[in-house]
Each structure stands twice: as structure tokens, then as C-alpha cells.
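Going by the order they are written in, the chains are A, B, C, D, E and F; count residues from 1 in each one.
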């Protein structure tokens, strides 16, 4: 497997600086953020290390040259909007930019685009399933035609009252994955697997590695700590950040040795990118770089 | 403590038959259901062992005579509607019948009425807090004036997609209880404590026995089994019956020895009523009676 | 479910005495041992409470009359030889007596005969599979034709060096059960499920209740205690009695509350018979009766 | 095994009332308290159901007659002073009364006297070992000569600041037992084994059942609950009642099924006496009787 | 956070050698031992890397120069005597040297002095509380006036029979800390937090990180292993080294990932100093250096 | 302790390349494989980094020169045949080559030869004990005379149906070790201790470190993962690879921190050699080198 990181944590650095840092620290690859240029809608969003909308062949060549120079590869292009958000016009903007990121990936020869399927957070899964299919069947086909695979991250995007009750991403559990992959038949439709989201959902993250082995296109290494005494106070119907904290790998409850043990047995040898959302490590760009260094040291025990 | 049962499980029996059964089997008391006469809105609802709306002094005397005859006491009157349901007219019907049950309790010399505070299941806790206070401040005062205590059961009333996402009862966690008891100051406002709801909410049910010791007016002895492999498939954002089953005491995850150990240390010596919602024991009235017998045998180990 | 016991523990009592004891102590049913008259080959074997070989219609009527008198039913007829033992002539004797027990069951109107499929303990599972099929296809057909179901107990019959290495019964795990039921297609071929054998084999005994729900014809309630410090010394390759002891229900590691919780949810309402093989309770017939009384008291907590 | 209780919990009842209660509730035996007549020095002490000092042959006959009448036996005579207390004169009074109890046991044909070896709580174990031997060698010889066995209870008698730091009984751990039995060689010197004291000392109570199998003369069935959150605050150097509560069997942490499982395998078939020190059950004599009834019901699951 | 070590483990090295080693191995800081020159009273004591008593402005400048040269900072000055020892004259010597260390810290611009509050080990906590206040109110004031904070380590200093029963330091539990900080009101009075001492005291070491977050001035990274089989023999009333061994971080029971996870969330960014008391690593100065190297490698996974 | 690896994983590299790699990566030592030249009989066998049969003084000097050049030592010579295999002629070949390896060790000044005692897999332990003694008494004497110690690895060599039921090595448990060392009295007869084999045998691997401390001549660092869901299907009577997978250290169930904690306390300071049998890391020589690098990084946390 190749160890990398998600570039969203280094918004203050340009592409070259990101790659130089990756190279200097011993990372093999980077998942480059491709948000549209402009203002972020939420923490960790809005970072643009590759401007997908404007990327052309020449631009792609320049990016490739820089990559070669730093000896670092792109694990995937990342853009995580809500293409099923309640406002259809807004959703359409997201869909179109996903298409732009797919085109950019094709130009760059990057095989994977990571994103969310989105969710209308006011509706149940069943209630919005038809809309999910309408949106995603053509999107998956679009990617498949261009030789790009779509890796859907399994984050529920339900953290606080703002996304209550359903969160902003449907693709959160094995039960829903089975339904997704049964209803949209394409080998280009798969997962960006992050074990941390399973922890606070109180779900096993090992068996799905086996069942969905051929759907795992990309892996995020993030961790979370569930605080028992907070959970005792508010219960699982609370918004999740009331009872858990995202943390660096090794500072949470994911058993990474066990995780890589099973993952290695599935034959996975793709990228594993550290995703930093640990508020204790956000004070400065240097502190965020430290977060990446520490995560890499920790993960090197297991891969 | 006095062991009893919730009469809702014996809808086919009249009051005398219920009391005769209780006496014959060695139960000390019964929580008598006081739904308005008519059709039930859901499983376990709609049972009328005392017709609160029509009860007068003479009727109360008759009930007391029957109780005396069978040597069984009433642990509380029970009526569990949703007085915060989205339709205000419907909610008002519930509020008025709660008042009727309070009056019936006063007539019968029964100190406790058990119910739900209700919830508008489409709204967050914060969004409906003002309405909660408007509804419940006068209701609690109404009960207090008549010497009756209100015991709110801690069931979230979120079981399937029908009550998604919020369920039909706000009073589900220590965090919300603290807010309730801080905002409605009355020693007549307390809890009908059921440990089983804490289990599937992944919360501790022992420490709250200590913190809310003086608020526990009544106890329900129900149990649940969380099925790990089902939870692994759907996660905690699913509707709860997707991953757990209500069961008789001793067939679930509540550690009853530990529960009664802590409860006895708080000085609680009120009623503990078996509540049967175990579908494996619902085939016939005899089977449901067996459920009560088995539960009593089991609980007699600990109290 | 109906609680009973396996009559092998009371070899000193005649049929009427067994039934009288069962009735007096509150058991619903008894699994009657049908070993051929003569000497036992091992502990707990060789007991004959119904002499299947000689039973005719008149004898069956007499048995039924005695049953009616004592208000106790037969949960099944039991005979546990090794019909796949290395010596084919010996095996044939066992097969023929199994047929006799099937005929006796038909005469008595008892739906279930409990036995072992047997095993050539010197051979691997694969090496003897063809012989297993040759022996059991006709035996199962024989029972099916007579309206009798065969319940195979899941005991490996590997206890000491005498049965090393394979034991005397193949039908020990879900993996083997799947193969058995796939290769011998008959609704009359099922299981006499005993959770205790799963404990020392370090297997889960709950999930198989679900998967094989429609194959469970009979249940044995036995328990075992695995002694950690003995296992630490000899490991799982030792003969099993080097690291575990059979015990009464409640004195071992089976979580009976959990067991009956899941079993009740499968819809099982057949017999559950206490099987006593606890050496601490074998000193006298009175002590063995105490073992049955204690087991019944314990199990009544859960069913 | 024979189930009984320690009579100290019924100080308000005379001997006959105690035995009548035992018989009516189904207890097999009673450990009768033999404190000298007079004022108790601490909770649960000072009860005199047999006045050992004044007992003569005639008195013994009367006691035996009453026992015969009620069909209850004496499991042992109990007297639990501190014969190693710092004041030698006081200690001598205790020693002499232990001798009186031994004589009473001989007169009554009761084989076992239960007591403490005592401790000078201000001194370490080593510092007082010579005095322990001086006191106990003759005491054990005295009992042995009269055919009476001494069962030393393993309670540290360290509960609150009053007995800080060493408690009032040395015989608290396997390490000390080995030393005791090596230094005082007598088959009449053994244990009154109470598993609850091992729980708060954070020790295993199962393996010692095996190692000291032939030294176990008597068993006390008491339980304790260790409260994690209290222990987290004060640690194990606190006085023990700061972090645990004595409770009835089934309301604490002793795994009684496991306990009786191992105990039965050792061949023990002596008395097991419920000892009630649960403050939640001390309000009235009726409440204390309920404690005994509940404990008996619970323990009957396992023996 | 800054990783360092306690210099006591390198008594054979002079200050410059210690700092050179720290720098070479990648440590950020060192806690320098300031015992008075002379003979050590116990293992790990008596090391003098800064001679506080004789330090003057010139000396301080020289120390600072050496620090600057090696790029290593002082995490705190350390001196761990028993200023509440039974002999008042001896205690006074300790108090005076603590004052000297405070003065040295002020001269060096080091903000923290680490020490023990001490204990008269023959007395209970309550019995010596007045003396504790008399000694420590002026000492804390002395430090506060000089801009130095006092970090009290939470080691009970009870290891063997020599310190029985109370140990040589009162400040061992949250319960006692609350009392200390309530009775001596000063923001200069806080903790040198070592999680290992909580392990053998069977206490949680995570929640106190939150409750006492603003009192944590310094952290020691030491670990211990509790040996279950030894504890089973002697129980918690034994002297602690009878059942546990101090070990390097990662070789004991402290869950360091969890520890740093919670610690980082409290906002702590002070020093974390490895304290080596692992006898398996004491054979030579090289072996002790290895102990520091290994500890640093291990801890770098988490910080 | 010295960290090394077993050279069997690098069959494609010659001795010098193996040593160069070891040196470059920071390994202290290597266990060199000494299979006879020729074809391997099984995976990981048949590797010849030292040709023991032909080694003479000159050859030994050349090997020592190469070792010196690369600064790497030999932890032991390794050859793992089955000298008790059913065919006596074949067994004799193995015995003679073990002698050759002993001679080679003596020539090289290497103190330890690692091997298996072997087993006739069709026979029970007892049945072949006499043959074990006949074979091994002279072999151990042969080694002792030459100043070489024999370290027997504790691998049962039972993985699949091919070695069913007994495996190819008797020396698998503490119970058997005690018997071995009692029957062959020689300080040159000891263990090459690999904790991973204890894991799937469901045995503790810590206590034996203490009991057999003076018999541990060499340590293998391998790990395994037991897959619960596979074990649930097949049970412990299955061939072991049906329910577990060998993995790199850190990717299995061995608690390495705990392991090295206890091992260091025993005073062991010999070699610890990584043994790679993880199929996920076998694709290429580079991948196998990565396996060694990763294992070293991981183990350096603890030693």
C-alpha cells in the first residue's frame, strides 16, 4: 500500500509546497483537493490544489511535471459536496463540478475521484432513493466512459444540529452499499473507505473490508475517540459530535493493526491517505504538518 | 420494592381478571392502563383497565373494593400518548386525557400517573423546547395540585421508519432530564425509569439511578437484546428495531443484578412493573401470562 | 418450549419411576433412552427406558397409558451409537437398532429420534464422507417414510485419548452441517442442538440458532466450564477433557439467557431437555435427581 | 451442599425463632452466633444465639432437641473477635471465649467453629507473625484435642478509618494462608471461605478453591459491589468501604455460577451460609428476613 | 507537546553529557534533578544535575549557555523528598531545599519545580492534614512570589514494607487533589501527572486529565505492569511492588494512545518526560540510554 | 535483546546479500537457514544460506569474515525437519543433517541450533514418546558435547489436512515441555520460543516465559490473526489454517508490548528474529524485504 494524505489539511500551501512536503516527509502520494475556487462552505472544504474546472491538457502536463519532480503520485482527486442537497439547483452545481473533476482525473491519468453521493438530510433513505438513482446512474456512467472510478466515502456527514437528522451522505453502511451496488451496476462505482465513521456508528469495520474488497478504491486513515461519559449523557440519538471527537490515527479507537491485517489479506494495495480533522492539531500550519508527520510515523508500524 | 406488571399485555382480560391473575401468581401490584375507550393507535396501546374519563367516586370505591379483595395494589395509572404531536388539536386531546387520568389517580388514592412528555418527531429537541414547556408546566401543576406525581417514561418511542427521525417522546436521556427538571421546578415531576431504552441507546443505566434517585417514581422492568451483526449492517442511524429486539427480563442485556444492586442502595422501595413487549411471547393470552410468570420468577432472584 | 430431561441419568429407575419423578418435579417431558438391552459401552450409555427392539403395538399402548397417567410427554427417543465406527459389522448393528428406534417412535407417535451420525475416528471428515452418505441416505429415507424426524446431536464425542483424534460423531459444526444438509436433502434430517459442545470448540452457539432454525428438532441443555489454566498448559490439540468439564446449566459458560433469547425469536417451541454429565452430581441416585431439580430451577428463569 | 445463613442478621430473634424461620423458608442449616452476652462492639457482632460460656451438657441437650424439632442443623458456631488486638488483656478475653465456643461445639457435636485469627492493625504481617503463632498454636491444639475444626474467615476486617491500616484479621490471602498452614500443622486449622472479600481485594476467588480444597470447612455466601467511579476517585489505598458496598448474593460481582461450579468439582459438600451485611436490607426484621429469602432463592439456582 | 526525560536515570553523566545525549537522540527537553549534593536515600534519588543550593546568577548563565548550545530546554527542576516525614528536623531540611530549588528555577527562568508534598507514612490522611497545610501554604506562597509553579507528582511512594502503610506522598488521588486545591488556593500549585501510579491503584487516568486540566504543569511518561497472578496471591493490601513492576512506556498497561488523545484535547502543550524505573534496563549506562531511546521511539507514535 | 530475522524469507538472496540487507536496515543478527542443498519439501523450507554438510574450518572462516564485514551476527543456525517422521529411513536423514548443523555451529562459534523434535503425525503423544527419547537423547548429547544448544521451536506444524491430526512437531505446549525436560536432562536442550503458535492454540504465552525462562535460547517474532467468524464455522477440531492466518508482528493478536515486558523481566537478552510467513507480503523479493522492514519498525517500539 502507498501512504499519503488528504491535501485539505494544508489549504495555506500551494500544490508545489504540498508535494514538496509530502516528498520530504516520506509520503508516497497525496489526495489532491479539487473544490471549485471560492469560499468554503464548511471546515476542511473549499481547498483547491487542482483547479479541475479550468484544467486543460497543458495544465495537466504541468501538474504531472511537478509530480515527477517531487516523486509523489496522486492517490485520487477529492471533492466532497452534497449532490443530493434539498435545493436542486445547488445540487446541479455539485454534479457538474464532479463531472469536471472526473475530466481532470482523466486528463491527469488519475484513476480515482473521491466524493460523496450526498443526501437530502430532511428525508429518509427510502424517500430519496429514486432521486439518488437519477443523479448517480448518469454520473457513474460519465466516469466509467472516461476510465475513472468513483470512490464514495462512507462519512455520514452528520456531525452537529446543522445536518440533523440525516446528514449529507447516504453511503454510510454495508446495508446501503449493497443496495447502491445492486441498483447501479458498474465496476467504476466503489468506495473510499474510512474506518473511523464506523466506530461512532458502533459498527464493525473489518468484515466489510472482506465483503466489499473489490469495491475499495481508496482508503482514508482517520480515527475517532468515543467518549463514554458523554455518550452516557446524550445517547446515540444525539448529534454525533456530542459524544465523539475525530482524532489522528493512533489516538482513537480504530485498531489499525487489525485493520491493516485484514486489508492486506484482501489484496488491497492502493493508497491509504491520512485525513486530519483533529482540532487539537489545527492551531497553525506547522502544527498541522506535525499531525501528518505523527500519523505517518504511527501508520508505518502497520504498513 | 413491590413487583408488578403493566396491564397492557393483558388487553383481553377485564380488571378483575387482571387482579385475580396478579394475586394468583404472586405479584404485589399492577400498573393499570387508562387509555380512552376506543381503538388503539399502536401495539400495546389502547388498553383500558380503568376508564379514567368516566370514573367518579362511586366507581373509584368499586375499584378499591376489587383491589382489596384480591390483595393487589395499583402501582400507577398508565397512559402513554404523544401530547406534543405535530397536530395541536390531537395533542390537546391527549393533554385532556392525561388530566382525566390524574383526576382518576386522585380519586383512587394512587400517587403516580405514568406517561410520556411526547415529541414532535419532525423537530429537534431545541426547536420544540418552548412548546414542551407551554404544554407541561400547566400539566405538572395540575397534577401537583391534586397530590399526584407524574412519572415520565424514558422511551424514545422511535422504533421504525414511522417515527423517524425524532420519535414521540423527548424525555430520553440524562442530559434532557436535567434540562426538564431545571425548567419545570416541581417535586411532582419525575420518571418512570426503564433501563432497557438505555441499552440500545448505548448508555449506562446505573449512574442515572444515583443522580436522579429522588425523581424515580416508578420502574419498568423490560429488557432488550442488541444484535451485533444487525447493528454492524445498519449502524446507529438506522431505526432502532433494525438492530435490537425487546425481550423479557433475563433474555436481554440489562444486568438486573447490578440494576437492583444500585437501585436498592438509592433507597428506592417503590414498584417495579414488568412490561412485556417480546414478540416471541405474544401468540396467545396464555403465552402472555407465561411471559409474566417467567419474568416474575427471574426478577425474584434480585428483589 | 417444554422443559424435560434426558433419562440416561436415571438408569436405576424404571420407566414409571422416571415419569413419576418428572411429573412430581414439574418437568413437561422426557427424552427416553432406547439403548438395546445389555451392557453399556461408555458412561451415560446403555440405558433402556423403552426397549425399541421388542416394542409392538400393545407395548406402545402400555407406554402411552403410563405417560397419560403421569401427564408427561416424550420429547424424543434417544440412542447415541457410532454407526460409522471402523468395524463395518459393528456399525451395521447400530444402524439396525436406529431403525428399530425409528419404528418404536412411529408406534408411540413420537416425532423425533435423537442420535449421532457417527464417525470413523481414525479418518478425516473428507476421507469418510462417501461412507457417511451411503449409511445415512437410506437411514434418513427410512425415518422420513415413517413420519419420524432424525435429530443429530452436535457432540464431537471426542473426550479422551480413546477417541483420538476424530471422535465418534461427524456432525459437529455449522460447516459440516451445511454439507450434510446439502448432500442429504430431507426435511426429516435435522439437529438435536446442544450449545455446550460449541463452548469448548470455541464457537458461537447463537448465530447457528438462526441459520439452522428450521433444522432444530430438539435441544439439549447441558453446560461446560473451560478451565483457562488447564487450557494454557495443554492447548486445543489436547483431548478436550484435559481442559474442560461438563457441568449443569448455570454452572458453565453457556449464557442461557442469551441462548433462550435468540432461540425464542426463531420461533422454536419444541423440547429442551436437561442432560446431566456433571461428575460432581453423580454420587447417588438422589444426587442425580438433585442435579435435575437444580437444572430445572435454573432454566425456569429463562423459559 | 447445605444452604444456611449466619444468625447474626437476626439478633432480635431467639434461638427457636431463628430455627423456625430457617425451617419454614427451606434452609438446611444455620451458623449460630456465640458472642458473649453483653454489648456488641461493632455492627453484626454481639449476637448470642448460643451462650457458649454457660453451656453445659443439659443445655446442649436442650439445643439439640430444638434443632431436631425444627429439622435444621448447625453449620458451625460463629464468634469473630480480634484475638491479636493490640491490648493483650483484651486479646486474652477473646482467646478464652474462643475456647468456650470450642467446648460448646464439642458438647453440641458441631464439628466447626468459625472465627478470625485477628490482627494488630497497627503492625505489618511480618511484625506480628511471632505473636500470631504464640496465640494460635495452642488454640488450634485445644480445638484439635476436642475434635473441633477451626474455620478462619478470610475477611480483612478493614472497612473504615477505624481499622486503618491493617484491619483486624491476618488471614486474608492465599499467600498468608500458605504461611499459616505451613507454620501451624494441623488438619483442624482451616478456612471459612467467603468469596466477597476477594472481590474488593482484586483477587481471584476460584483458583484458591482448588488449592485449599481440603482446608475449606465452611463457606459464607456474601457479595460486594465495587463502584468503579468511587474507586477512580480514591484508589486502593483508601479504606475499602470508600469504594465498595457489601450486597446480597446476586447483587454483587461474585460470579456464583462459576463459584459453585468450581466448588462442586472440589468435592466440597459442607455448608454454605448466607451472610447479610447489605445496608439496603436492614430497615426492619422483616426486611432482613426478606434478604435471607431472596438470597436463598438466588443461590438455589446454583446448588 | 515536548518530549523529554527525567535526568535521574543518568546519574553517571554530567549536565553537559545529559544535554548532548538529549540533543543527539531528538529529545526536546530534560527535567533536571536537583538533589542536594551527597548520598542518595533511595533508588533514583540523589542525582544532582543542577546544584540548586549554590546556584547564583553566574551559574545560571552558564547553565543557560550550555542549554542553548545543545538546543535543549529544561522542562522543570526536579527534587522529590518527603517534606512531611515523621522527623520534623529532617522535614525542615527538605523544605529548605525545595525553596532553594524554587530560587534556582527563578534564576534559570524555568517555570516549574516538580516535587512531592510528602507524607508521614504512619498516619492517615486526615490525621496529618493540618501539618500538610502548615508546611505547604508558605511553600506555595514562596514559589508563587517568585513566579514559579510547583508540580506535585502523584506517586504514592509506597512500594515495599519500608514505607508501609501510607507511603511518602499524600497527593495520590483526585479526591485528595480536590481537597489540596480547595485548601491552598493558588494557581501556582498543581500537578506533575504520571498515569502509571493510577494503574496499580486501579484508577482511571483519563478523566482526571479533563477535571484537572489547568493544574497539569508537567507530565511523566512511565508505565507499569500489574501481574494478575501475583495480585491474586497477595491482594491490594500488600505492598504494591508485590504485584506490579514499573516498566518503560509501551511495556505496561497505560494506553498511551488514549492518554495522549485526551491530553491533547485538554489543550496541554507542556513537557512529557520519560521516567525510567524499569529494572530490566538498569544494567549499564548504555542500557539506560537504550531505555530512553526506546521510550522516545514508542511515544513518538502518539505525539 | 538483538533484533534479527529468519533468512528463509529471502531464498533468492545469497549469504552476502542477506547480510548486507540486514546491515543496511539495522538488524543486529540473522538466523541462517541450513537446509541441505536441494528441493524444498514445503513453503519456507529448503533454504541454504549456510551449507552445513560441506562446511569446514576454511569455509567457517570465510563466513565469519563476511559477518564481520557487514557487522551482523548469527543468532542461530536453523533447520526444521521432522526427525520423528513415520518413515525411519527418512527420519535418519534428518537426524544426520541436524548433527551436521550442530557441527557447523561449533565451527562457526554459533551457540544455538534451532529445529523441531518432529512427530509421527498419525500417533498420539504418548504412543511415540519412547521413540522421541531414543532419537533425542543422543542428539542432545551430541550437541552438548560440542558446546551447542538446541532450541526447539514450539510450532505444532499442523496447518492443513496434510499433517492431520498430530502435526509434525511434538514440542508444542508447557505440559509437553515439562515432560521433555524431565526426561532429557541437559542444559543444552531448550526452546526457540514463538508466541504466535500459542495464540491459535488458545494458550497464554506470557506465563511460560517465566516458567521456562532458563530454557529460552532463541525467540521468533511472528504473529497470527484468528478469524472469529471462520472459527465459529469450523471449530478447534478443524485444521488450524481454516481459522487463522500467520501475519507480521503488529498485524496479529500477540500483544508485543506485554510480551517484551515479561520477557525483559526474565533477563532474556538473546536474539529475537522476525519470521515472515504472511502471504500478503510474499509477492516479490522487494515485498518480502518490506515485510522485514515493517516488522523491524514495529518491534523497535518495544525493544
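Criterion: a residue touches a chain if its C-beta (ideal position, glycine included) is under 8 Å from a C-beta of that chain, and two chains touch if they have at least 3 such contacts.
Keep in mind that what you see is a predicted model, and the values were worked out from it rather than measured.
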Shared interface partners, meaning chains that touch chain A and chain B: none
Geometric centre distance via CA averages, chain E-chain C, whole Å: 64
Centre-of-Cα separation between chain F and chain E, whole angstrom: 43
Cα-centroid distance, chain D relative to chain F, in whole angstrom: 54
Chain E residues counted as touching two or more neighbouring chains: 207, 301
Complete list of chain pairs which touch one another: A-B, A-E, A-F, B-C, B-D, C-D, C-F, D-E, E-F
Chain F residues touching chain A - in the complex, by the definition given at the top: 225, 229, 245, 247, 250-252, 278-281, 294, 297-298, 301
Complex interface listing, chain F residues touching chain E: 207, 257-258, 260-262, 264-265, 267, 300-303
Chain E residues within the chain D interface of the complex: 124, 126, 156, 158, 161, 164-167, 172-175, 198, 200-204, 207, 228, 231-238
